[in-house]
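Both complexes shown next keep chain A, but they swap its partner, so chain B is in the first and chain C is in the second.
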Partner chain A sequence: MRPFDLLQPATVDEAVALLAQHGEDARLLGGGAMLTILLRQRLVAPRYLINVADIPGLNAISSDHNTLRLGAASTLRAIERSDTIRARCPVLAEALRSVGNIRVRNVATIGGHLAHADVHLDLPPVLCALGASVVVLGRHGDRHFSLDELFVGYYETCLAPTEMIAAVDVPTPPPGLQGVYLKYCSLSPNDWPTVGVAAFLRADGERIAEARIVVGSVSPRPLRLTEAEDLLRGERLNSGAVAEVARRYGRAADPLPDIRGSEDYKRRVTEVYVRRAVEAAATRAGLA
Partner chain B sequence: MKHDVTLTVNGRVHRMVVESHRTLLEVLRGELKLFGARESCGMSLCGACTTLVDGLPVSSCSYLAARANGRSIITIEGLGRPGALHPVQEAFLAHGAFQCSYCTPGMVLTAACLLEENPAPSVDEIKEYMAGNLCRCASYGEIVEAVQAAAGQMPGASAPRGPLRAGAVQEDGHGDGC
Partner chain C sequence: MSNPRPAVIGADVPRVEGIDKVTGHVTFVDNIEPPGMLHGMIRRSQVPHGRIRRIDTSRARQLSGVYAVLTGEDLLRMDIDPYIGPAFKDQAPLAIGKVRYAGDPVAAVAAVDRDTAEEALDLIDVEVEELPAVFDVQDALRPDAPLVCERLVPAGTFADLIELLGGGDVPATSNACFQYKLRRGDVAEGLRRSDRVFEHTFSNPPTQHSDLEYHCSIAQWEASNRLQVWTATQSPSYVRIMLANMFRLPESRVRVRVPYLGGGFGSKLYMKLEPLAALLALVAGRPVKIRLTRNEEFFTITKHGLVAKLTTGVTRDGRLLARDCQIMWDTGAYADIGPRVTHKSGYTSAGPYQIPNVRIDSFSVYTNKPPAGAFRGFGIMQVCWAYESQMDIIAREMGWDPVEFRLKNVLREGDVQATGTVVHSLGLDQCVRAVADAVAWDYREASAPHPTGDGARHLVRGKGVACSMKAVITPSVSAATVLVHSDGSASVLSSSVEMGQGSDTALCQIVAEELGARLQDVAIVHPDTDVTPYDLITAGSRTTFHMGNAVRMAAIDARSQLWPTAAELLDAAPDDLTAQDGRVWARTASDRSLTHGQIMMARFGGRAGTIEGHGLFETHHGSTDLDTGQSDRVTAHWMCGATAAEVEVDTDTGQVRIVNLATAVDVGNAINPFACRQQIGGASVQGTGPALLEEMLFEAGQLTNPSFVDYKIPSFLDLPDRLQPLTVEDPHPDGPYGAKGIGEAGIFAIAPAIANAVADAVGARIPSLPITPEKVLRAIAPP
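Take a look at the complex of A and B:
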């Protein structure tokens, strides 16, 4: 690794001041699981790293009636093991079990996870479907962004270089909303996803009151088609409608061909996994 | 930039100076001459460098040494002692859970943590927890058997002792291991 100076602010205010002072010469350090690899490969060479992972209190997981708040330095493993998360957002805990490996989850932080903005991340589809937002601090004061606003494209967020994610807010899911995260890996089973689908349904009697379907890894930003979701709303679960929804997601996917599969292959897997995810969510919601 | 750090490694307190860009693995092997943690992939993929930081397995190849200041670190050298091996180490020997043994320190430390968290894991739970530790010699069958066997042997399984989180034991000499 090329030498750099590791700065260790004790508060978020200090971290934001250091960011303002050093601008593009500095980079935030979360768990460092990803950043240390980029540093070794010399893909990035900042003069300063600002360690936010060890700021006291920034790893707090708290909740009130309406919102779960994950401090940006919460590790993925702490979120996965949190009783509050398991009780209120079990799909998030479930999705976390498939992220990388135990050592990565022990250090990687939720702030670093989202800021990295790789399209192959597992949590963005789940968090988008749950309507999560980020609390951002910087020179302009506090700002809030939905995840839809946060993700701009491949490895790109709407954050200014002088801003940091301080927390992630997840609204408490409405009663009855049931979901799944289905991850498909075409290489080893604990690889990054080839396709990842979060599907949530809420039943009103025998009909679908609400559908939320978000697909990760197959487009520059998490893929959500509200017109397709609307095909399910107010309907009983039927295989024709589910197949049509799945086809629309397959058609809308715009994946990059890589070692995990060609464009066409990934579109087809998207279709199959959207169908399976909706079916699994329907079972959990008592619709099937 | 240089950092004054205090690392408690296997129960022994080390006050030292580390540079910002040094990894924990470099400090363990280069400064402390503890060669149990190995480097293979250098990217958090293989687990050869697995080290426990405050009781949790991390990839020391990708963990900055300066972040370890004030923390408790356990390497394979601190898990057991000759004549008083950790149950996981005993089980690996009894089941021949290695060939070349390059992966073994990481496997044993990860398994020890798994059993601290979950004293009676199922085969699937073992596979899930240890999926990020790779064995090039493919001793996986024996490794899973050894972890299952060790599960029955963990001391005080009913009363969590948290030895893997043990802080400083003494300034020099050995920690109480596990």
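Take a look at the complex of A and C:
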């Protein structure tokens, strides 16, 4: 590991100023769970680390009627255990339980999690399905991006090197929206997902009023097929339609082959897990 | 006062070092830091096979904080024998002339800290001319395959590698560096007379030992040309001998010490980092520590990959008539102990069965991959994977109950094994029955899906069984000393290494038992070759049997020196004495007793003196016919175990979950039943890794998953729902109190038992490890 200076800004403005000052020589430090690995493998070698995890107030979890706001320095464990999250976004808390392990969740931050933009992350599918956005600070002032805009490709976000994520906003889910996050690990269950599916359904009587299905880990960005979702809207739950939706996701998946499975295998389990997730969401929404 | 049940032997005493370990009070090699110590690091080849053209170290040498930089060329200029390797002298601490795998060490640096050393490594320019390479054992055996190693120079180190002893230094003509041959009966005739003949090929990839502690060695030269080494090794006696050879020193001038090991599993056998640490220390004039990273572990030693083709003939009445085994072991770029793995596992490659006609040809083959060496079981896991997979295929195709089929053919007392050696004390039949009972074995002839109770259609269950046996390494030598101190407490001097297996506890129990001492008054002196006597290796399940006998003899020797004094004081005949819990008394007058301290006091007339007891245990190999492998005694004893697994398969994804895993091992007589169950349980869980998860993946000779992010070992979440470690006791007349070695037998049959259960559940046979969900899904629902 190359030696570096650890900078401790007291406010986000200071952090952004330090970023502007040091440019490419600096790197933001969240929980450091991922960054220390990159440093040790010497994949990155910054001269300065700007620690945002300890900026006072940046780890706040707050809410108003419309929105839940997660400060970028909130740890995954704090979000998982927050009563507000458990009440308003139980699926997020559920999904968090399968992220890494308790030691990782105790240090990893939501800002670092999203900025890392690994396609194998568990939270992007859930947050995308919930319509979350990020608040970004930088030279150009405040910007807001939907997660759809944030993720550009493998390990790539739309952030400029001088920008930081300050918060994640999650709109309050409409009443009746019920969902699940199903994570499939083809090797040890103690692993990153081979495929992760977030599925949310809202019932209107016996019919599906709304469907949101986002799949992680099998394409350069979280995979959402609104046309496939539309096949369910206005319908009663029927296995034929669910199977068709699942097939479409399987076909649209564009996974990288690795030790967890070939492309073909990952497509097949994407189909299986989309089907299972929609079925499970339907049960929760009182549709099955 | 008689002693119906020995006091300490057979008791579930807790680990003697247990509390210190869990509270972080024990020392590992990496905790040791002699004053002025430097850190050594290694530059590795990126090319799998190539001629070294030039290595420029000038810029690295100029970096401040760097004390030594070495290359293979430098070794040739030193007054040493640079070649190491327990079977062949084919490996130098740094590659000389050629690199043979991506990861082969080519240069090393010693510097004030790891950051500086790492920076220096980056400043070394390595120029290698690439050569054609070979990565697959079958390709490696083709006549036109590039030769990985050009000369075969037998190391002549071990008495048990009979075939190598007479061998000379010869140019290699193929990548097969060693062949094991066994011939019994007439296989061609046996197959011809069989009612059915089955032919299958099975394989498994190279895998990792994954011990928690990385390889770590420290070397320090003293002014008087004396070499001190602290090292994480399973073979301190061997390391001393080999370092003495390398530096042309008397053994008495090489001191090797081993504190606790954080796991070994065979990865820390023979020489690993010790020579390089000693060389760097010599050049730097300061002590040097080399500690690997997890990444480097992947490039240091592996468990052999294997391809095995079995042809087996059976009779209609369920007997094995003939078996032919053609086996190729992928030993990687350097043989390490590969030939011995090939040899020892060769004995039982046809399985633990009574088969009149057997032919075994087993080859140790070089490829341009990281070297393969010893792994828990010494090859038995791999051969068992093949023969127990095939046993199940045969049983199911013939409509036989797999348990009955095995019980009909397993070796029993007095049977002649394939090597010609008679079987004694083999509780295999009992092991198979024990595990079948433990999973409520219920054979159904038709391989219909067995749905689970909860009604989920995509989940089906199945059960499988497998069993295995192994010969203990023979001949071998273990020596020990027991010191009784002036207060009557005792020290046990042994070169057996405590690496988590619990040997300190077992050895203390044996000494406490023989002296009649309290367990807490007996302490172990860890391997220190200046002090502790010779022991072959801590491996091959040999410590309790061999070192157990040695320390028992040493304790009896010490006791026999103490008891005349005690007899005099108690006015009794020495034969009449007995002892327990630190007190000695005459059976005929149990109202009077003495402590060991009182006896010592009387013997030496004050708080003074030492009593020294010595023990030496040796086993012998019978003579062997080199053409047929037949011998009246290939082993001092046999070990065996059996596993039954119940699995649940998700037929949509192919994922396998282990519902129930029962493994029984014949322990002879359990010196510590709790520790036995821990060994068997640990081996079982470790065995599920290569069965379901583990595989070193290569692309054009480059390892693509050298970290635990992409190389998965079992975690707590992977544990079977139910884990049943079981013991069977068929005492061995030569074992201490009848005990046998059990460190490995629990792992032998895990993978085939799981594969057989998967086949039972979904009718799909996976012939190559690991049994990944993708392979299972492809087998039950091809894309």
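Simple rule for what comes next: the second predicted complex is superposed on the first by the 288 of 288 C-alpha atoms of A that agree within 3 Å, B and C clash if a C-alpha of one lies under 4 Å from a C-alpha of the other, contacts with A are read in each partner's own complex, and residues count from 1 in each chain.
One rule holds in what follows: a residue touches a chain if its C-beta (ideal position, glycine included) is under 8 Å from a C-beta of that chain, and two chains touch if they have at least 3 such contacts.
All figures in this text were calculated on a predicted structure; none of them were measured in a lab.
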| item | value |
| --- | --- |
| Which of chain B and chain C A:R268 touches, first, second, both or neither | second |
| Partner chain(s) touched by A:L49 [first = chain B, second = chain C, both, neither] | first |
| Touching partner for A:T36 - first (chain B), second (chain C), both, neither | first |
| Which of chain B and chain C A:V104 touches, first, second, both or neither | first |
| First (chain B), second (chain C), both or neither touched by A:I259 | second |
| Chain B versus chain C as contact partner of A:R77, first or second or both or neither | first |
| Chain B versus chain C as contact partner of A:P189, first or second or both or neither | both |
| Per-residue contact with chain A, leading partner among chain C and chain B | B |
| First (chain B), second (chain C), both or neither touched by A:L6 | first |
| Residues of chain A that lie at the interface with chain B and also at the interface with chain C | 1-3, 189-190 |
| Complex contact set, residues of chain A against chain B | 1-6, 8, 29, 32-33, 36-37, 39-40, 49, 51, 53-54, 77, 97, 100-104, 106-107, 189-190 |
| Contact set on chain B toward chain A in their complex | 1, 3, 19-21, 23, 42-45, 47, 50, 56-59, 62-64, 66-67, 110, 128-133 |
| Chain A contact footprint on chain C (complex, rising order) | 115, 652-653, 655, 692-693, 695, 697, 704-705, 709-718, 772-774, 777-778, 783 |
| Chain C-touching residues of chain A, taken from the complex the two chains share | 1-3, 184, 186-192, 258-259, 261-262, 264-265, 268-269, 272 |
